[in-house]
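Labels run A, B, C and D following the written order; every chain starts at residue 1.
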């Protein structure tokens, strides 16, 4: 067995709603809170814009984890969007688990625009959890 | 093939410090469709913007990616730059390599790698960007002001003075709010009512202002420029048209309740005007306490009313109006003292809150402006003022400083010395905070000229000792125990957000902080705006502040409203949903999830084979659509897309990230 | 209604009358108290530091015994025991780290299942003061009684959660139910000096003096207490002040609330 | 007394914080603790000063003060503290630092008065020896 010295760095795709979580990510930056660099943020207007297809696609293309972050339920900029998100993604989560993907690889979190520290904390904990799981091999395209 | 230009900003050392710009530029040059890469120390500067414009022309760029700070910062600036170079503003894409990269990753290698990835993602999206066009939307040039205290009054007057119409909604039967309860104001000691009541009258008489008292906001729909608000006009049981305000009924009403305006120090009747200078100076019946409404018998007010203005049949009315902008000015509640048993409030009549003491000072108050003990009607010779009651107390009260108590307590001490000769004020404080013009001088006056003794130390307990009150604490500075036998104790109660602030926030779709104060859009640069366009904040509902600050904020909110109304129309947000007719199955799942009612059914005629058939499909009203995209996911055939955030664009971003 | 019952060391000796009257009144009110087996001293004090793990064993063992007895609630009388048990129980319930440490030493795992109650609390919540008032055979009309809470019943409020810490009413409502006149005085929750009287008698004496005088001035004829140590301090220093001639009027008896209850129930 | 950088940085402060589980820096010196203390008159260092000394590293001074043996742990102070500092726990930590040293005991059975021996309830004796001796 070869000795692997290099630490596995997972690739995580994060969908952040413009009004809360993306703003929270900006606030983490403004407050200079450092966090794991594994996360790539895609800005969407609302978490309800996130089509489950996007998440599956990320796994297909080789993402090791996917995070969807929106406003706290009840605080949605568009009144009700994140309630839809919650319902849709709960179903998706069950499907993803059924496919044999570890549940930690797909997470939904609520982070407000004033929770910069929480954003950083969530990024770190998600990155760490997925790092421990190792690379994702399910659903991947043969390339 | 698109011709994409990438511009990388150093932001001084903010980005260049943790991201190897040259390496990033080299990598960007190899990306699909990129024909030009440049870097600049400050891209947002005039020189930086000029560079972009020149490059667009020189290299015939048709898409632009700027790698710089957050799009929430400068997206609009750069869209204008791109537009002035002849491109559609939505051909621009921003890679956030500052807030979400250089500022959060200390490791230069990791930061550089991430910056490259972010730019690749933006390039992939930009390649699919399409020209988007805003449409002009007419706006309703009438403002709604919620709350009739000094903040709401000032905002309403300032908006109305610019010539636009204002509706002012006040929950109580009269305008005035907290300021009407005050006696004098710091640091000038001018009479609160004398400066407030003329403004109240101005509101009532202003031709551009419609005043709705005894009314509350029930429901808010719509968006900037076109809000639709339902207002509940509570049944006043008094016909304002007929009532002359003679006051016959007030004297004869047999039902008595504690007066809210007088902080419970005296009783009012069930039919009442809150205070003598009320606007409108016409009563309302408090049905919860009215004898007729509770027992079915009485009707004394009707009998004595010479104008036949009493109407027991009156019902709440719901009226719906359109507004272009809303100012929230709902004020505050004083902190409830349930958890402060140590101060004997409610156990001894001579322990008062600061607002109760304020009423004792007031010439129109229960004592006619004399400071008298509620217990025996005698003037107190020694008064202990306890500051920070419910403030700066994360265990039992508010963790924040209520900001106004130091100053109003100094005022109380000064007024005590003036009104009761030979009296003595003891002020117990944790810190005295007097930041404000002429504030420090005012505080100095309290202890230098008016003889107030300031004791640094929070009182621990007040012991009723017969007629007197034993106040026990320490002087932190000397370490001496303090035991004062005083005639009266005044508690400087903290300022709370309104108990129902959260409910109103929900109606307005704005947010509150952990203390239920409304959240401003940016703590420094947008202190009057909320995150919801077209809704502005004024006064203490946003956070504790004194009268000058409140007035300043109210005027600022008014200007914000006037700025919106200065145009006939607004440009719509072009990132709206769009239906592809041939894919739409007409099952209307999209309609069910749209929070704005922006999707409706449309019947279309189509050729199917040889015949023409009609069928229904979804249609998006671009004026109503706010671009959340919830419909795009609900659509089973995938017929709805969101412009600017299309499925194809987002998938391209996913692919670029996972490359 | 059935309860496990923890007497504690003082109730078997110095405060025997407290236990006797509690048991007889409980019986008269239809409460079934079963003394738990093999109990030890509760430790008298709740440990105020993060290091003393062993101080928790004795109360947790008693709680385990109570659980073994099959009752949901453990009834206590002495305010000291009540304070230790209630806080220990809460700590075990809420502090996972502490719970793990304690259970490492014990044969059975305890996670805070038992509810710790004081007899006064039982009278208020389970019996009900209205019901109690109906059962009174000899109304204490005209008796001017000063309730004395002390510290241990109420503080720290976040952990004890028995009543408002500054203006409690449970004692007052209890005495009112018995028909007595409640004497209100601002020192009813002030500390009597507690264990200081064992070592620093002067200090305890000063603390007690204020309480005694305030109650007396407000018309009290007797103190009603729930703690043997409070009773000791109030009685002993009253005697001293009396003997020293400083407060010669002071001759206020100090009785347990159960004694008063027994009297009202004509037991 | 003198405040020096060495004292402010001393390990003793950290030890007090560790044993007590309390953050002494949370205190903003309002004095509400001292004002309500039933036995404050006989203390040489008042409760709020205990916190102040601890903040400034004057722990030696605290280890020799009478206050440690006067506090009755009645918890009146922490029930009113606006900063959620449990002062009796801080005092307890200081007391333990003394008691854990040889000869640190404050109370010996022989010290008890005749009255206490005869009449005091067990509850009081157990409490006193747990507080004042190891």
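The rule is short, and it goes like this: a contact is a pair of C-beta atoms (placed from the backbone, for glycine too) under 8 Å apart; a residue touches a chain by one contact, two chains touch by 3 or more.
Everything numeric in this text was worked out from a predicted model, so none of it was measured.
In this structure, the chain pairs B-D and B-C differ in their number of contacting C-beta pairs, and the larger number is found at B-D. Put simply, the C-alpha centre of chain B and that of chain C have 50 angstrom between them. A separation of 54 Å divides the Cα centre of chain A from that of chain C. Rounded to a whole number, the gap between the C-alpha centres of chain C and chain D is 25 angstrom. Chain contacts: chain B has residues 342, 461 touching two or more partner chains. Residue positions of chain C touching 2 or more other chains: 165.
In this structure, the chains touch in the following pairs: A-B, B-C, B-D, C-D.
The touching residues of chain B, when paired with chain A in their complex, are 70-72, 96, 98-101, 103-107, 110-111, 113-114, 117-118, 121, 506, 509, 511, 513, 519, 531-532, 575, 593, 595-596, 626-630, 632-634, 642, 645, 647, 650-651, 653-655, 657-659. Touching chain D in their complex are the following residues of chain C: 8-10, 13-15, 41, 43-45, 48-51, 78, 80, 151, 155-157, 165, 189-191, 193-203, 206-207, 210, 227-229, 231-232, 236.
Residues 342, 388, 392-397, 430-431, 456-461, 472-476, 479, 481-482 of chain B are the ones touching chain D in the complex.
Interface residues of chain D facing chain C in the complex, by the touch rule stated above, are 18-21, 38-39, 41-42, 69-70, 72-76, 78-79, 86, 88-89, 92-93, 96, 106-107, 111-113, 115-116, 119-128, 130-132.
Those residues of chain A whose C-beta lies close enough to touch chain B in the complex are 11, 13, 18-19, 22-23, 25-26, 28-30, 32-35, 37, 40-46, 48-54, 57-58, 61-63, 74-75, 77-81, 84, 88, 112-114, 120.
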